[in-house]
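Chain IDs A, B, C, D, E and F follow the sequence of writing; residue 1 opens each chain.
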Amino acid sequence: MHGVRAVFPGRFQPFHLGHLGVVKYVLEKVDEIVIVVGSSQESHTYQNPFTAGERIFMIKESLREEGISMDRVYIIPIPDVLMNSVWVYHVRMYCPPFSMVVARNPLVLRLFKEAGYELLVPPPISREVYSSTNIRRKMIFGEEWKSLVPGKVYQILKEIRGEERLREIARGETYGEER
Amino acid sequence: MHGVRAVFPGRFQPFHLGHLGVVKYVLEKVDEIVIVVGSSQESHTYQNPFTAGERIFMIKESLREEGISMDRVYIIPIPDVLMNSVWVYHVRMYCPPFSMVVARNPLVLRLFKEAGYELLVPPPISREVYSSTNIRRKMIFGEEWKSLVPGKVYQILKEIRGEERLREIARGETYGEER
Amino acid sequence: MHGVRAVFPGRFQPFHLGHLGVVKYVLEKVDEIVIVVGSSQESHTYQNPFTAGERIFMIKESLREEGISMDRVYIIPIPDVLMNSVWVYHVRMYCPPFSMVVARNPLVLRLFKEAGYELLVPPPISREVYSSTNIRRKMIFGEEWKSLVPGKVYQILKEIRGEERLREIARGETYGEER
Amino acid sequence: MHGVRAVFPGRFQPFHLGHLGVVKYVLEKVDEIVIVVGSSQESHTYQNPFTAGERIFMIKESLREEGISMDRVYIIPIPDVLMNSVWVYHVRMYCPPFSMVVARNPLVLRLFKEAGYELLVPPPISREVYSSTNIRRKMIFGEEWKSLVPGKVYQILKEIRGEERLREIARGETYGEER
Amino acid sequence: MHGVRAVFPGRFQPFHLGHLGVVKYVLEKVDEIVIVVGSSQESHTYQNPFTAGERIFMIKESLREEGISMDRVYIIPIPDVLMNSVWVYHVRMYCPPFSMVVARNPLVLRLFKEAGYELLVPPPISREVYSSTNIRRKMIFGEEWKSLVPGKVYQILKEIRGEERLREIARGETYGEER
Amino acid sequence: MHGVRAVFPGRFQPFHLGHLGVVKYVLEKVDEIVIVVGSSQESHTYQNPFTAGERIFMIKESLREEGISMDRVYIIPIPDVLMNSVWVYHVRMYCPPFSMVVARNPLVLRLFKEAGYELLVPPPISREVYSSTNIRRKMIFGEEWKSLVPGKVYQILKEIRGEERLREIARGETYGEER
């Protein structure tokens, strides 16, 4: 019943092809992946424009589109704790049993290593291209970003008018005062 | 892409055959079900002995055991907000788009109805039997409870020594003082 | 510009004729009253069925009905702090300058006295009659309660179907499990 | 009993003549205005130097000075929620029934529009002049700011020695370390 | 530099001779004790009448009175986390390195054991006598309690008029409504 | 029993020779010092790399090394409150009775002065040298910092591999996205 399970934490604002590549890479190595959608309490800010629900929806639809069965996948939103030193245990509380973490961030790797987890570092991708920050910037300035995300992410972001939302947020943060 | 989706909120401490019946009932009526695991921040108390991760795990394994594909199911943990009047919108923030709620609790039904959602009231089950409170009580007092939960729930609760945990919690709350 | 101002804290679930009597009593003694609507973050529970907005609305409409000008009245919602020993300073942070508190609760009186405020203890009313707890109970059981509240409170509670809400809450807390 | 009510959210650090102009504009259009004092839990920071109580006091005294009766005005402090997507419903919980929002910020307008509220966009003012950020900056550097705020705001800020507080905060944030 | 350190968690409302006995017992076994004052954010309630500062003060003065040097003692207040399953790691975050926990509560023992800590179970005392709950009850009803606490605890509770505070709290919770 | 007690608030990230000088200075003036370790809930960030427990440990070991008896010292961690105007009262809640504050930050001095406390401003040290920010920067870039901290702080930071942690945090904040 209990195969090897790996946790893959991220904010996925939005989920892009680099993330998708990691998911596929992990599913070749282990039995099940637990995609942790961090900062789940936040939305409609420049760093976190999309709600946890929208992000979960984009991820699931993208995996379905790729023919990846959800039977091997968990997608779990987790709100921030301000206490980094207990964060690993917070993740553990929200997830099914797991033995491995997937990350490249050195602090994330260290925190999980200190807590006794195995580390799985995926092969490098070109981070300046496949980067959520980069994609959000392109969405605001009207540059091409369709090629950087799964088809379903593009479709959903169009439907919820994600570019317009991002631009309004960006303008609002310039105005500031009003809210 | 967007079939009809229904939200089914509960605490699932633990998930029992009554809950499983509701899931099956809902999946006959709509395209996808979103099982909302409430009070996700709590564990190791008498009301909420099991962590969100343990509850998600029990639910997923039970559905797998029943041959229900996760492709039609979301399982989403949501921490409590103290503000009942915004609770519906908190759920909405954490979930993919949905148009319906599954509940019997009159307040839950009212809050979602006022927010414009359709209601789906499942047929009655014998609540005095299929009740998480009842099952927790039986676990503490060593009564038979195996027949009230899916096989996988029983198996997982045995593995994590759930009865022992519940008894320790119950004794701890009698002692009180110490912690 | 700075007459004498007195703070009158309560939860006002709902505002009743006893509360109204206190407001009138205070306005005879001081220049301005600051009605503090406590536990403002809570609603739809048995202890706090009505939202802060509904309570503020009921209070303002009742005072208007009595011909009391809002120019001498502040109505300020304050969320709970769990730390009773800083509560007085939390109230101070949310209110215009004041020098006096209106209360009968001995702990409230002590906390404000220790912080250097004057105390104003209104004359006793029959607490078993003019009591929000009592009124909520009557609303649930269909007993007469109209004579215990200002006309506008009655009218608003009828409009928002307060009795129905209270009964649903009461039933939900019996069911418990489901949410 | 229920005329048209419009909500006007802001932080009012401090309340200035631009804000006062909006209040007058709104009171010509609707029956009652609900001034929402946001970020109410914060004070003594550069972004939010004044407490909710001080801000409420400045607003009420300014309106009184202008001869505006409080009978048509609510002033309601609301603490921040970190969840922007539920913010509108948080405001709704704290306010009397309303149907309209007054704002220029595009994100605020969108969030309320999506929730079904009417929008009221006041005519433009010269934002580089009537801006709380600008006024706080002037207060720190000893420039003239008296002409930008209502007389009562000026008087209260002098009494509570607002310029001194702002300068201390600004210096403290440079020192940083110590606290 | 790093001798053996043991954590002793409690609420100490108030610190009594049973607690003092445990401290002495532990200091015979290990190099240093870390007294964790739990529920540190709470005060002026029936369960937690005294502030963290008052409790720390009573403990330190009692140890001094007994001739126990603070060089071997830490007293550390820790606010509650609602998440029991991460509580051990929260304690770890607030404390110097330790390898052992002192407790009798079975749940506390289990949580620390699962996290890899050694357990130290002190010999039984007569819990119905040396119990903070019992002492608080006696303080309210005017029964003798002086013989149950260290001399300094008695002296400090007299100085801060602890009995009066407890009685006011008890009465306030009967009145309820008002705050 | 109650000598003069002074509170010395800081974040101590890490505790350096400037801080130690203040402690010695204060202990010449008053009977007892209460070292308040602020932002106690935070760790593993660039501003607050070390846990409250690590900071408390470094302070205590440094004082022991200097021959300062803990009998005259309290070290008390306090989590942030977002409400600066109640912060003083939050400190008061967590500490034994005190009458004086030790600080140089003008805002801290003002807040305590307004609350009726005496102020003790220690003589200036060269802040550009003895500064935690400066030390953290040096730790990251491999510059000499050993001479700026007590011997025990150096030893502990080496043992817990503090430089490595700081560098990982710094790199993680550049990567950003991933967590």
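The rule is short, and it goes like this: a contact is a pair of C-beta atoms (placed from the backbone, for glycine too) under 8 Å apart; a residue touches a chain by one contact, two chains touch by 3 or more.
Everything numeric in this text was worked out from a predicted model, so none of it was measured.
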Cα-superposition angle relating the copies chain F and chain C, to nearest 5°: 180
Suppose you list every residue number at the chain B-chain E interface; are over half of them used by both chains (same) or under half (different)? different
If you tally C-beta contacts across A-E and across D-F, the winner is D-F
If you average the CA atoms of chain A and of chain B, how far apart do the two points sit, in angstrom? 25
With chain centres taken as the means of their Cα atoms, state the distance from chain B to chain F in Å. 45
Between chain A and chain F, centroid-to-centroid distance (C-alpha), Å: 36
Among the residues of chain C, which are close enough to touch at least two other chains? 43, 51, 83, 85, 92-93
Touch-based graph of the chains, sorted into line, ring, star, complete or other: other
Following the definition at the start, I'd like every touching pair of chains, please. A-B, A-D, A-E, A-F, B-C, B-D, B-E, C-D, C-E, C-F, D-F, E-F
Chain F-facing residues of chain C, complex: 83, 85-86, 89-90, 92-93
Can you check the complex and tell me which residues of chain E touch chain C? 41-45, 51, 165, 167-169, 171-172, 175-179
Chain A-touching residues of chain D, taken from the complex the two chains share: 9-11, 38, 82-85, 103-108, 110-111, 127, 131-133
Taking the complex as given, what residues does chain C use to touch chain D? 1, 40, 43, 51-54, 56-57, 60-61, 64, 69-71, 73-79, 92-97, 152, 155
